[in-house]
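Structure record follows, encoded as structure tokens.
Here the chain labels run A, B and C in written order, and each chain numbers its own residues starting at 1.
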Amino acid sequence: MTENKLCNRIPVNTKEELNGLLQDKSGKQYYEEMDNLEVDAKALWRTIQTTCKSRIRTWLNICAHCGMCADSCLFYLANDNDPEQVPSYKIQSTLGEIVKKKGKVDTTFMKRAMDTAWGKCTCCNRCGQYCPFGIDMGVMMSFLRGVLFSQGFVPWEMKIGSGMHRIFRAQMDVTTEDWVDTCEWMEEESEDEWPGLKIPIDKKNADIIYTINAREAKHYPEDIAEAAILFSIAGEDWTVPSEGWEETSIAMFAGDWEGASMQVESVYEAIDRIKPKRMVVTECGHAYRATVIEGPYWTGQKNGKTPVETLHYVEWVAEALRSGKLKIDPLKKIKEPVTYHDSCNYIRNGGLSDCGREIMSYIAEDFREMKPNRDHNFCCGGGGGLNGIGRYRKQRNTALKVKRDQILATGAKLVITPCHNCWDAIRDLEEVYKIGIRWSFLKPLLISMVEVPEHLKPKDE
Amino acid sequence: MFKKILFSTTGTSLCDAAARVAFDMANRYGAKLFIIHIFGIPDRSYSQAAIDIKTGEKVDLNSDHFQKVQEEIKQTYSEQIKHNKECEFEILAGIPGTEILRTARKKDIDLIIMGARHSKKEKKSPQQKLIIGNTLQTVARSARCPVLIIGRTAASFWGGISNILFGTDFSKASDSAFLFAYKLARTLKCTLNFFHVINISEDSSGNVMDQNEIDDRIRDARAKIREKYLSRMEEFEDYEIDVWEGIPYVEIVKYSREKFADLIIMAHHSKKIDLEEANIGTTMEQIALRSNCPVISINHTDKI
Amino acid sequence: MYNFITGPLAWFSFLVFFIGLFIRSVFYLIGLDSKLDRISYRVNSFYGIKEAFRSILYWMLPFGTRGWRTQPGMTFLFFIFHLGIVLPTVFLGAHNMILKERWGFSLFAFPDYLSDIMTIVVLVSAFVLLIRRIILPKVRILTKSSDYMVLFVAILPFFTGFMAFHQFSNYPFWMIAHIISGEILLIAIPFTKLSHCFLFFLTRAQLGMDYGIKRGGMKRNNNIW
């Protein structure tokens, strides 16, 4: 077997390796090399034996093949009820087969498994809610991703993303210097409208430590400024860390548990250094899932909790509105029909659906619920990393149909989606299907509606 | 006057006029010229893909592509580069307005030069409009240094400055613009024309001001100009004051034509503009698109 | 023959049934791993136990969960089939007579006509389930031969029992067939998917604990099933 330069079992740990992958246009060479990647059947079986225990084994065995999971899956529905998209089929034909064959599978099989694990599933966990036995196929698919990653069968962008986290402790190549510089820049820029606005860095014992998604630093710095403005208006004693400031996890999407653990560890270390009372994470769903829900287990916290109480942004906003720290000008409430997208990672898998409704009651006059909603809402279509994988762009665009139809049914003109990935998905939904909607995070909307205390208003002449 | 100039270009003919002025000014003032081209907006969340602004195609962000784009830009300006060998090129992907501001801050730029139009309006898709926004407004609003805007080819024949039109709305930002205009007028020994427009468009109830009120306002404005600005000018006599009524951008364009102005200097409001206004275009944008001379927008005194 | 199958073989099949299910359950429980499953079972048990019960309860009620409500046809079929399997078996007049004879106690017994109706319901619904499995593409793609086998094994005692009770013909044959098919069913349960008769409760409880402890339960009351 020729030594694969790009596509192999070794995770990306150096900038050279990362660059090597980045130079490969759309991963062309990478996927070609994948055809030559041999399966290490012994290692594969060992992985299964050591990590696939009775919960997953029983799930695989006890499936009654009833097909009730089919209608729960957005891919099944978006693909005109294609039987090959039935969740049980997807997992039985991949992980089920690996277990049955004791790891003796070939490269073609693994490539197909990769196409299923990343192209036919966003790990939204909705299927688990509709199975009478409570078989969570999303959890199994995530496990499968880990197995595939260990064997090197991951999509190109996933390998790069996992590398980014390992090297930069962020999903994009933003260094600590870049990050701190961006904060200072946003402070300067906001000076005119928000005199005295500060973005405190590494302030020990602050009430709140705020962590973000790297793409805010790289492409959308105004998001950081908006967060600062809202914290300032609410009078919060807050800070950002200079290191451990990023809480997303492409590594989690990639099935790179080690990388994901390293990433989360950097955030927990920041908490340890700064000793805040609480942590607030930006509007990002999978970041919450990775850092707050799964993270404690990757890093060995026995009680399954983060070192300090952690809030998703919607929790903080709901609390601020409830307690009056943020007051909405009733004349500026949203008057047009508006709906709320429940992101899988912090709603279905995080239990925070109440916060969204509470916020809506303060800021919207014509709030329309999607059907179904809350924990039973559908994935946006781009979760689990699917938004970024070029190889499955077509599948992703098809999957958007379900969300599109949900939005159309509400008659809403504005979709509020406090999650970076979902925001992208709905943006793409509008680009592909042109249904005439607008979409937004919470921050810009809140800033346009909130009453500003006198001491924060710019001094006019 | 200017040590470092940043010229932001789309590499298309829309920026030719601005390019002419940029290279000319760099040579004239012995300034270091940085040419920045933002070729793509990020497309696939965290991944290395972008949409090429010009062609609308998907491209990969790897060094090969950056190299290719840089060669294209160098080719476009090959003539001008011959006369300015020290100019530097930077090729970036990102939201144009954000990246221009980021670069200007990092390199401590003294003057940003841009064209008024960055793309044929019809080509932009709704989400491009929403996400890219109005690059000109974004930059003019937040830049710490003056922003020189060249709207039409007619505005690019830079023969030197002898007549400056300073338009004011008496805001705090206008103060900064005044200081800059004053300094420029002194340094280059040219005439400084103070100009203010009484906006006579209908108010929200559909009323138009009567002439007596207009006359009163004109008188008040002249007094204000004397009080706010003339009082701060030391031994500078080469100025004129005028206050006209009308639609602001129309009057400014007309006045600049009448006075043969070589440069219009004004402030761009720092308050965030809502989508409504963004579609119509601010006063400054309209002026930039219509005047026969370049427009400088300046909000802050950092770089004066 | 009759003595053998109602004596030692019956003992054997019941032992296999109970011990088999017990062993499977034990293996299931000891195979749960806080670290691998990423659920802090022991530390946050309180949160988990409440949701574990709710998870079981709502799925045992017809239309109790959204999953049941969105597939009304299947829900109806499912419940009459399962009720039909459990109720007449436990509360059959004939079974209770045997119980009284052998062990000295008996449970409540349905009138025979009711048991008959329930048995027919089981057979008909099993048939519909079979057709469903063959006709619907989403079920067909999942189906293996073992699925047919398992349905057959589950239904056989009801069919043979019905035939035996009504004594249409050849009573001894049907009686023996009924007893043997019952014993086959008992023995098959721990080794096949039929083990779900007990494992259902365990897997449901596990998912309940998952949601209760990890996926939201510690931040709010009452998962939305």
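Simple rule for what comes next: a contact is a pair of C-beta atoms (placed from the backbone, for glycine too) under 8 Å apart; a residue touches a chain by one contact, two chains touch by 3 or more.
Remember, it's a predicted structure, so these values are computed and weren't measured experimentally.
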Indicate which of the five shapes (line, ring, star, complete, other) describes how the chains touch one another.
line
Find me the chain with the mean Cα position closest to the mean of all the protein Cα atoms on display.
A
Just the number, please: Cα centre separation of chain A and chain B in whole Å.
39
Provide the C-alpha centroid distance between chain B and chain C, rounded to the nearest whole angstrom.
76
Chain C: which residues touch two or more other chains?
none
Numbers and ranges of chain A residues touching at least 2 other chains
none
Could you list, by residue number, the parts of chain A that touch chain B in their complex?
19, 22-26, 157, 160-161, 164, 171-172, 181, 185, 188-189, 192-193, 214-215, 218-222, 248, 250, 382, 387-390, 393, 420-421, 424, 427, 430-431, 438, 460-461
Could you pull out which chain A residues touch chain C in their complex?
51, 53-55, 57-59, 61-68, 70-72, 76, 81, 83-84, 86, 88-89, 92, 125, 128-136, 293-294, 296-298, 300, 302-305, 315, 348-354, 372, 374-376
Report the residues of chain B in contact with chain A in the complex, numbered from low to high.
42, 44-49, 60-64, 94-95, 98, 101-102, 105-106, 125-127, 130-131, 142, 144, 170-172, 175, 270-272, 299-300
The residues of chain C that touch chain A in their complex are 27-40, 43-44, 55, 59, 65-67, 70-71, 74, 78, 133, 136-144, 147, 193, 195-196, 199-200, 202-204, 206-208, 210-211, 213-220, 223-225
